[in-house]
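These are the structures in question, set out in turn.
There are two complexes below, and they share subunit A, which is joined by subunit B in the first and by subunit C in the second.
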Partner chain A sequence: MENLAYIVLFGHIGFILVGGFMTVLAESLVRALLGLIMTLFGVAGLYFLMAAPFIGLMQILIYVGAVSVLIFFAIMLTQAWSGGDEAKPRSAKTFIYAIMGALAPAVFLGMAVIRTAPPSIFTPEETEIKALGQFLLEPYILPFELISLLLTIAMAGAVILGFERRKQR
Partner chain B sequence: MIETIPTQLIAIGVGLAAVMAFIGLNGLVLVYLERKVAGFIQRRPGPYEVGPYGLLQPLADGLKLVGKQMFTPKGADAFLYWLAPIISIAPVLVCFLAVPFGPHVTIFKDMNVGLILILAFTGINVLALCLAGWASQNKYALLGAARDISQSVAYEIPLLLSVLPIIFMTGTFNLYEISMGQGSWPWQWHVATQPLAFVIFFICALAETNRAPFDLPEAESELTAGFHTEYSGMGFGVFFLAEYAYMIIACSVATVLFLGGWNGPLVSGWWWFLTKVYLLLLVMMWFRWTYPRVRFDQLLNLCWKWLIPLTVINLLITALVVAI
Partner chain C sequence: MSPMTMYQLIALFLLCIGLFGVMYRRTLVGMILGIELMLNGAGLSIMASAQLTPTPNEIGQIGTLLVMGIAAAEATLLLAILLVVSKRFKSVEAAKLTTMRG
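The block that comes next holds the complex of A and B.
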């Protein structure tokens, strides 16, 4: 049972890594998006492993079902065939910088997580959706409302920018 | 070795195999029904040559599809092109795991997030259709995919909002519990208290499954066949099967949420569930051959100007009543 859990965990991590590298290295934008979707799916799977199926499904519903579809729409508006500027081979220097840039947050965050890790339990317990809702609306109501305010501002900003562009033409 | 495999994994495996068989069988039945219903509505016999009453026609169709050459168009991204049908059919298999067919015929009874699971995984179909349209390198396919995105993104909102009143009333996402909470007579079902939500859910389900009168992504008369123009053989066959499977899922969710699930007069059981699902499917087919296809602006106007405000008002009233 424990071995099976390890296989599933590392399977997910491998899946996420493959997706991530596909996103960065793919020559066509749509393939890169597919890699991104793979990563998002892998992260959703990790939520399931941590016995948080609600969060995992929300990840799929929002990021895979909505956000990546909108990204797809944006890609279709551009004429993004492979063979553009991004498809040129990269120099070794850029490559090293990219790897260092990618590793930096992982190292800092990883160290913080390892140092302050809470004691783990073998079988995680599932939090009820009702409890989640109460958490969001009672002790965490201020951040919850602030996030929705942030989204409203972002949307209003997008609308204003869109209308300004139209006037210039 | 066998003892080390947990029973839940075996249950999932057996369940998935059963679901695949169910989808395949339903595909055959629905293709036959669709063609017969179309025939009756247009005052012609429909298929009647192959077997008694043309019953073997879907089998002949299936064999023809399997036997055809799989053809990749020139200049298409072959990997994405063949991945698209697989992405289209794979999520629907997962959705069936949460559907309560009957009090004893449910694969996962204690799935607390069953409804969200279905909503999340049906949303992936849009992505498959986009990939198919984009990878085909064909302008009709690309137009079909673009239409599909704006249609699905728009109709996802009233779909979710029309489901929410039921969640408010029952306080659970578990489809099994929602079925259990309804009585055996029609006036004890949720459709009696939420008729508006049911109608809106059904309209949105039609739009999300790309059924006529909302079949703009595959409009035959203007886009040849929309996103699956280039697909031959089983590439097209898998898309077709997935579309029928999504129709069954949509009708199953409507049955569970609004029509009492497996509960029915006299003896409750999976037979009532299947009867209701098939009645809804027949209504879908009836719509398809009755209404002309809507224009694109009509489609979006219907969604943004009518369905979304109506669902929001309905939701607010429900919340008020529940709070009192």
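The block that comes next holds the complex of A and C.
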């Protein structure tokens, strides 16, 4: 039984690794978006494994359902795929700088994670959704209201930006 | 290796590959993909540190949910900004977005 759990865990980790590399290295942006969706599903699977099915479902609903569709609209509307901007050869300097920039936090934070790891629980408990709702509406009502305000303002701002007219010269 | 360390290392991988993507991609759309990866890493890290330690579970779950809400708001705004940029510059390549090139 434990072996099966490890197989599932490493399956999801493999999904995340392959999807992540596909996201940053694929030449076509649509393929990169597919890699991102793969990663999102892998992360959702990890949430399920951590006994948080509600958040896993929210991940699939919000990220896979909404955010990736938005990004696909961005790809279509800006014609980022047909111009072939992504496919142009990059200089080796860019690659080296990007690798260096990504490796710096990896080394330091990785060392911190490995050396100061707290003891962890092997079988996390599941929280009732009722308890989550109570938590959200009693002690943490301010962040809840603020996030709704943030969403409203972001939507309104997006609409205003989208309808902006060129000024007459 | 404890499960906590493993989850945190995956979150760290997502952060680093997101950073790499932001620096390596040419267009703004590709950079958005990198930002989404980084936000996912943040959510995973918050969730793992609440579920796998004696911390109350609700904090981690609500924190991850808030990260998702912020990501949704951010994606909406980025779509609008990309539309404006592509209308004005006819391109979303990051190196071309200059109005005062010498």
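In this text, the second predicted complex is superposed on the first by the 140 of 169 C-alpha atoms of A that agree within 3 Å, B and C clash if a C-alpha of one lies under 4 Å from a C-alpha of the other, contacts with A are read in each partner's own complex, and residues count from 1 in each chain.
One rule holds in what follows: a residue touches a chain if its C-beta (ideal position, glycine included) is under 8 Å from a C-beta of that chain, and two chains touch if they have at least 3 such contacts.
This one's a predicted model, so the numbers in the text were calculated from it and none came from an experiment.
Taken together through their common subunit A, the two structures put subunit B and subunit C side by side without a clash. Shared-chain residue A:L4: touches subunit B; no touch with subunit C. Residue contacts after overlaying the shared chain place A:M58 against subunit B and subunit C alike. More residues of subunit A are in touch with C than with the other of subunit B and subunit C. Residue contacts after overlaying the shared chain place A:A154 against subunit C, while subunit B stays out of touching range. Once chain A of one complex is fitted onto chain A of the other, the partner contacts of A:L46 are limited to subunit C, with no touch recorded for subunit B.
When both complexes are overlaid on chain A, the residue A:A66 reaches subunit B and subunit C alike. In the superposition on chain A, A:V30 makes contact with subunit B only, not with subunit C. Smallest inter-chain Cα distance, subunit B versus subunit C, after superposition on the shared chain: 14 Å. In the superposition on chain A, the residues of subunit A touched by subunit B in one structure and by subunit C in the other are 54, 58, 66, 70, 73, 75. Within the complex formed with subunit C, the subunit A residues making contact are 9, 13, 16-17, 20-21, 23-24, 29, 32-33, 36, 39-40, 43, 46-47, 50-52, 54-55, 58-59, 62-63, 66-67, 70-71, 73-75, 77-80, 83, 85-86, 88, 90, 94-95, 97-99, 101-103, 105-106, 109-110, 113-114, 117-122, 124-125, 127, 131-132, 135-136, 140, 143, 147, 150-151, 153-155, 157-159, 161-162, 164.
On subunit A, the positions that touch subunit B within their shared complex are 1, 4, 28, 30-31, 34, 37, 53-54, 57-58, 60-61, 64-66, 68-70, 72-73, 75-76, 126, 128-130. Contact residues of subunit C toward subunit A in the complex are 2-10, 12-17, 19-21, 23-30, 32-34, 36-37, 40, 43-44, 47-48, 51-54, 57-58, 60-62, 64-66, 68-86, 91-93. Note for the complex: subunit B touches subunit A at residues 4, 6, 77, 79-80, 83, 112-113, 116-117, 119-121, 123-124, 126-127, 130-131, 134-135, 142, 145-146, 149-150, 152-153, 156, 171, 173.
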